[in-house]
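Structure incoming, see below.
As written, the chains take the letters A, B, C, D, E and F, and residue 1 is the first residue of each chain.
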Amino acid sequence: MLLHLSTWSEVEQFLKRNQTIVIPIGSNEQHGPTGLLGTDWLCPEIICREAEKQADILVAPTFNIGMAQHHLGFAGTISLRPSTFIAAIVDWTRSLARHGFEKILFLNGHGGNIASIEAAFSEIYAEASFAGRRAGFAMKLCNWWDLEGVGELAREQFPTGHGAHATPSEIAITQWAFSDAIKYADYAPRIAPSGPIREALDFRARYPDGRMGSDPGQATPEKGRALVELAARSLAAELAAFGSEPVPA
Amino acid sequence: MLLHLSTWSEVEQFLKRNQTIVIPIGSNEQHGPTGLLGTDWLCPEIICREAEKQADILVAPTFNIGMAQHHLGFAGTISLRPSTFIAAIVDWTRSLARHGFEKILFLNGHGGNIASIEAAFSEIYAEASFAGRRAGFAMKLCNWWDLEGVGELAREQFPTGHGAHATPSEIAITQWAFSDAIKYADYAPRIAPSGPIREALDFRARYPDGRMGSDPGQATPEKGRALVELAARSLAAELAAFGSEPVPA
Amino acid sequence: MLLHLSTWSEVEQFLKRNQTIVIPIGSNEQHGPTGLLGTDWLCPEIICREAEKQADILVAPTFNIGMAQHHLGFAGTISLRPSTFIAAIVDWTRSLARHGFEKILFLNGHGGNIASIEAAFSEIYAEASFAGRRAGFAMKLCNWWDLEGVGELAREQFPTGHGAHATPSEIAITQWAFSDAIKYADYAPRIAPSGPIREALDFRARYPDGRMGSDPGQATPEKGRALVELAARSLAAELAAFGSEPVPA
Amino acid sequence: MLLHLSTWSEVEQFLKRNQTIVIPIGSNEQHGPTGLLGTDWLCPEIICREAEKQADILVAPTFNIGMAQHHLGFAGTISLRPSTFIAAIVDWTRSLARHGFEKILFLNGHGGNIASIEAAFSEIYAEASFAGRRAGFAMKLCNWWDLEGVGELAREQFPTGHGAHATPSEIAITQWAFSDAIKYADYAPRIAPSGPIREALDFRARYPDGRMGSDPGQATPEKGRALVELAARSLAAELAAFGSEPVPA
Amino acid sequence: MLLHLSTWSEVEQFLKRNQTIVIPIGSNEQHGPTGLLGTDWLCPEIICREAEKQADILVAPTFNIGMAQHHLGFAGTISLRPSTFIAAIVDWTRSLARHGFEKILFLNGHGGNIASIEAAFSEIYAEASFAGRRAGFAMKLCNWWDLEGVGELAREQFPTGHGAHATPSEIAITQWAFSDAIKYADYAPRIAPSGPIREALDFRARYPDGRMGSDPGQATPEKGRALVELAARSLAAELAAFGSEPVPA
Amino acid sequence: MLLHLSTWSEVEQFLKRNQTIVIPIGSNEQHGPTGLLGTDWLCPEIICREAEKQADILVAPTFNIGMAQHHLGFAGTISLRPSTFIAAIVDWTRSLARHGFEKILFLNGHGGNIASIEAAFSEIYAEASFAGRRAGFAMKLCNWWDLEGVGELAREQFPTGHGAHATPSEIAITQWAFSDAIKYADYAPRIAPSGPIREALDFRARYPDGRMGSDPGQATPEKGRALVELAARSLAAELAAFGSEPVPA
C-alpha cells in the first residue's frame, strides 16, 4: 500500500491491523558519468514499491534529499545540512507516531545519510529520555544493501569494482527500473580512486568524474532486477520481524 | 528534462543554455474521503512532467512534505514545522544557486505552503541584504491553480463546490494521472463546510471528513486531463518568461 | 485599555470579563521620500489607540520590527529574519495564552509581514497538533486596510496611485497623528514603478526613492483622520466578533 | 531625532555627521500593585526622548519585550526566551551596522536584560572573531540608573526601600510622563521582601504582589522629573563620549 | 565525591542523602604570557577537588569551554557561541534534574561566562514559566572569587595589579596545582592596560600580550595554596547553605 | 604538549612546526555496576596523555559530554542532544581552524558519539561546500579501539564477553589510570544481554545493570596498561600520518 495513493481512512484501516511503516530515504546527488542524480532515493523507492506488490506493507512518500554536501561540486546535487535533515526527520517521525505507528523503518539508499539518520534518532529519543517517559514507538535504519542476502548477491555479481559511490549495484537497479534512462560513458580509470570524504572542492579534486572506487560499467538491468527482487522479499521479512517486536509499555 | 533521471554532466550542459529550474512542491496530507494523501505534491509533479514532455525545461525532484499541521488529526498526514520547512528550502535553494541556477520557480500545490514559502524567500534574500550584496538569483512562487487560464478553466468546470481543500480540480488531476487509484464515497453534506484553520483537533471538529468547502464528487479524469494540459502549457510559458527576466548585476 | 499603562491586577480584572487582546504589529522601514520610517507600526498603533478610546478593548505593546530585508538598502530600516520573527511571535503568544487570553488578534500594518505571521501561527498550532491536544486559544491576522470598509474608503480617496508601498493612505494616517512630522518632496515619477520584491540591492535598483506603485502626494491629514476613525470602529467590531467565537474545548 | 518619525534620507543625512544611535530597551512585565506593565521600556524611552529634545542624537524605536520569564505568573507580562532575544538583537544590530552606524548604545531599563544583552553582544562579535575580521562597529550597554549621577540622585531621593523591582525611581519616572496613569495601593509590607529569582511560580510565591525589596509609595512625579532631566543630560554626554571613541580599523 | 570516578549506583546512593551538585565551569583561553590556556576551568576544578577531600559533596565533570570569542586572536583559545553555550547548559541541567538533583551550583572561573550562564538559567526556567509549572530544581552561579572571604584575601595578597584577566590570583592557583607548568616572562608594562571587550582583533590590538589590567608576576604557588584552601572551605559552606534552602513545591 | 597547560605563545610556536591537534572526546554516562561514569572520556584522555609523553603532539582539552540519552535512566549520566553536540563541535573546530590547525583528529571513546561526530563534520564541511570554497582544514574521527593493533589486543585479552558497553577493555584502562577507584560487583548474568538502543526507559528495562553484552569482571589494571601503551604508540603514528597528508589548496 502506497501511502500517497491512499486516503486517510484507508491508512486508518491499515493501522488497525499493522502499526509498521517504511520510509524510503536517500539523496539527490551526482553518481558519476552514467549514474542518475536520483539514484540514492530511487533505489529504496524501487525496492519498497516492489515489496508493496507482494506484501501488506505501507510505504511512505520518499525522503529524497539527504546528506550530499561533498557532491555539491557537481551540477544537480541538492543537499541539506545535517541540522536541517535532523529537524525534518524529527517532524516526519512525530507526524507518524501521532497516528499510532509504533515501528518506523527508514530504508536508506545513501551511505552518507547513516550518521545523520542515527543522530536524528537520538534527537527524537532524547525528548522521551529527558522527560523520563517512554517514546511509544521505535525507529530502525536499514540500508537496502544490508537487507538479508543482498550484499552477498552484489558481491557475487560484482566481485571487483563495486566501490563506494556510483556502485554497479545501484546503477543496475535504476537501469532496470528506468530502462529509458540508461546512460553510457567511457570510464577512465575503469575503477575509480578511493579516499576520504571532505568538502565539495576537495571531493571533486580527488574524484574527478564523481565515482569512488567503483566500475559502474558492470551494471546491467538484469542484475538490477535480481537485486530488486531479492531486496523486496528481504524487506518484507524485515518489516514483519520489526513489526512483531514488542514495544515495552 | 527530469533532474533525477539525468547525470551531472547533462545538468551541466543544460545550465549552459538555460539557468531556470522548476521545483514541484506540495504537502502530504488528508484530502477528504476520496482524495489521495499525496494530492498536493502529485498535482505539481504531474503538471511539471507533462510540461517537460513538451518544452526544454528542467524539473527538480519533488518537495513532498509541507505545512500540514492542521491535518494531523487524520491518519497518513505528515507535516513539517514552518521552521524546518524554511531551513529545507534554504538548503535546496543554496544547492541550486551554487550550480549556477539564476531562476528558481516553486510550482506549489498546497495553499497552506504559501506563507512559509514566502517566509523562506525572505530568509534567503536576507542573507544578501544584511551583507549588502546581490543574491545572484531570483526565486518565484507559482501555485498551479494560478497558472495562466487554469483558474478560469476550473471555475468553468466546477462553478459551485470548488472549495478550498480536497477540491474537485485537484482530485480530477490525480484521477487522470492515477486512474487505478480513484476512490469513491458518499459526501454528506455534498458541499463541505468552510471556516478558519487552526490546530489539528479544531480542524477535525470543524471538518469531520477532511474537506473544506468542496464537492469532490464532480471530479472526472477527463476534467483532470484538460487541467493538466492547460497547466503544462502555461507552466512552460511561465518558465520562459521568468527565465528571460534580467538578473541585475 | 492600554496594557503597558495598566497594572497586572487591572489586566487580571480585564481577563475576567474579556479574553481578547489586540497586538499592533508592523515594521520599521523606509517609506519613500516623505514617509516616516515608523509608518507600518505607527498605523496599527494609531488605530488601536483610537479604538481603545471608544470600546473596552485591551491593546498590547506594539511589535514594531518586522520583515523588511528588502528595504535594508535605505538608511534607518531595521529588519528581523523570518526565523527570528517567528520565534518572537511564538514567545509573545505563549506569554499571553499563559494568562488566559483565548483570542489574540494581530492588527498588521505591513504587507511583507503577512507570510511570516501566518508561518508563526502554524509553528504555534503545530505544537498542539503534534501533541494531539487542543491549543486552548486562537490567533487571527487582520491587516488594517482589510478592516470593514477601510479598503473601500481608501480606493475612493485615492482612485489612482495608491500602490503597494508608501501608499497615500498610510502616509495620511501618520500625517494626521504626527502633524509635526509631515514631510514634503517632489515625486518623480508621480506614480512609482511596480514589480517584484527580492533582496535589498535589487529593490533599490528597481525603486530608487523607495516607493512602489504609489503617489503619496495625495495624502492629507484630513483623509488620514477619516481612515483612522473608520478603522477604529471596524476594529472594535472585529474584536467583538472574534471574541464571541466559541473556542471548542 | 526620532528615527521612526524620520525619513530614510533624513537618517542618511544624520549618518554623514554622526554614526551613533541609541536604542531604548526594556521589558513589559508586572511592576507591583501600582507600577505600569510598560515601566521598564517606558523609562529608557522617556529618557531618550527628553535627551533628543536637547541634543543632536538619533533614537531608534524601542525594543519593548525582554527577559521576563519570572514575571509570567502575573497577568500582562510578555517575555521572550533568551535565545529569541539574542536573535532579535543580532538582527537589529546587523540592520543598523549595514547602514553605517559604528556605535550602537542600548539604554536599558530592566536589570533582567543585562545578561542576555551581553550574551547577544558576544554572539555578534563572535561572527567577526571566528572569521578573523574586524566587526566595524561597537556596541555598549548602559542601564539608565547607571548614567552619570542618576544612581546618586535616586539614593538621595529614596534612601531606604529603593529595592530591585518596582523601585520608586522607575515608578516616579512613569508618573511624571504619564500623569493620567498614576495608580494607588496600600503596600503590605511597606518594603517588599528580597531573594533569588527563579521560575514564575517560585517568584509569585516569594513576592506575592510583585515587588522585590521596594517601597514604590515614595514615588512622586516631581522626583521623576528630576531623574529624567538628569538622565537625559547624562545620556547625551554618554553618547557624545561613546561616539568619539575611535573604532580601530 | 567525583562524579566521573563514581558508578551510577554510588551516585544513586548519594542522591538519597544529598540533592546538591557542583559543576566547575570555565573557559579555555589565552591568559597572557605566562598563564595557562586552561586557567579558567582549572581554577574551579582545583577548588572543587580540594573541597571534595574535606566534605561530602558531589563534583560533576568540568564544563571546560566557555565564552572566549574575544580571545580568539591568540593561539589555543577555544570558544563557544553564546547560543551553543546556552544549549549545552540546558542539556547538562536537564540531565541532572532528571536524576533528582534539586540544587545545581555552577562554580565559575571566567567573568566572561557570567552573562551567558545567567541567560541559560532564564532559558531553562522559562520552560516551566511558560508552562505554568514548577521547575522542581534551582540553579545558582557562584564565581570562585566571590566565595566567602576569597575576594578579600586576593585584595590583601595583590593590593595593586590584580586586574581583570590573567590575574595574579588565578595564576597563583594554577601554579600551586601544576608546579611543573609554571611559566616566566618579562611583563611590559608591569600592569597591563584596561578597557572594553569587543571582537578578537580589537582585543588583541588593545591588549597585545593578552593581559587586562593585571600584573601576574606577583603570583606564587604559596599564595595559590592559601586561596584554594580558603575557597574550598567556603565552597563547602556555600553548598551546604544552598542545599538546605527549601524548594517550594 | 597539553594545550591547557600551555601558554598561547607556546601553542603559536607549536603551530610553526606542526598543524595537527588531537581532541579526546567521549561521554559521561553509566558504565554498569563497576564502570566509572567518566569511562568514555577518560579512556581517550588517558591514551592522549600517554602519547604526549612520548611524541611531540598537541592534546586539546577533553570534550567530556556526549550522546548518552539512552543512559539517562541511570544516575550520573549527562547527555547533550545531537543538535547541541553538533553546534559545540562546530565551535571547537572553527576556533582551532582560526589558529591555523589544518588537521583536527577526534580520538573518540564512545560508540554512541560516532554518528553525531560525523554529522558535525558534514555540518562544518557544508559551509565551505555551499560557498564553493576550500575548507582549509580536515577533520578525522578515530575511535581508540580502532587504533592500529588495539582491537586485536582487546580480542586476545577478552575472547568472550567483550560486548558493546562497559567493556572489559575500557574498564581495564580506567583501572590502570585510577587504581584508587576500582570497584567490585557480582555480575548476574556474567555476560550482559545484547539488543537495540532506544530511549532511556527502554534501555534500562533491557539492560538492568547498565551493561550491554559485556563481562567487565575480566578487566585488570595490567591489561589496561598494555592497551594504553599500544594505543598511545598507535595514536602518535596516526597523528603523524594524518599530519603529513597534503591539504589541497
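In the analysis below, a contact is a pair of C-beta atoms (placed from the backbone, for glycine too) under 8 Å apart; a residue touches a chain by one contact, two chains touch by 3 or more.
Being a predicted model, the structure only gives us computed values, none of them experimental.
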Among D-E, D-F or C-D, the pair whose interface repeats that of B-C, with over half of its contact pairs matching by residue number, is D-E
Counting C-beta pairs in contact, does C-E beat E-F or the other way around?
-> E-F
CA centre of chain B versus CA centre of chain F: separation in Å?
-> 47
Express in whole angstrom the distance between the two chain centres, defined as the mean CA positions of chain A and chain B.
-> 25
Taking each chain's centre as the mean of its CA atoms, how far is chain A from chain D in angstrom?
-> 54
Two or more partner chains touched - positions in chain A = 72, 79, 81, 83, 95, 98, 129-130, 132
Could you pull out which chain C residues touch chain B in their complex?
-> 67, 69-70, 72-73, 79, 81-83, 86, 112, 114-120, 122-123, 125-126, 128-130, 132-135, 138, 140, 196, 198-202, 205, 248
Complex contacts: residues of chain C adjacent to chain A | 129-130, 132
Flag every residue of chain A that touches chain B in the complex, lowest number first.
-> 3-12, 15, 28, 30-38, 41-42, 60-62, 64-65, 72, 74-81, 83-84, 87-88, 90-92, 95-96, 98-100, 178, 181, 183, 210
Interface with chain A, chain E side, in the complex: residues 94-95, 98
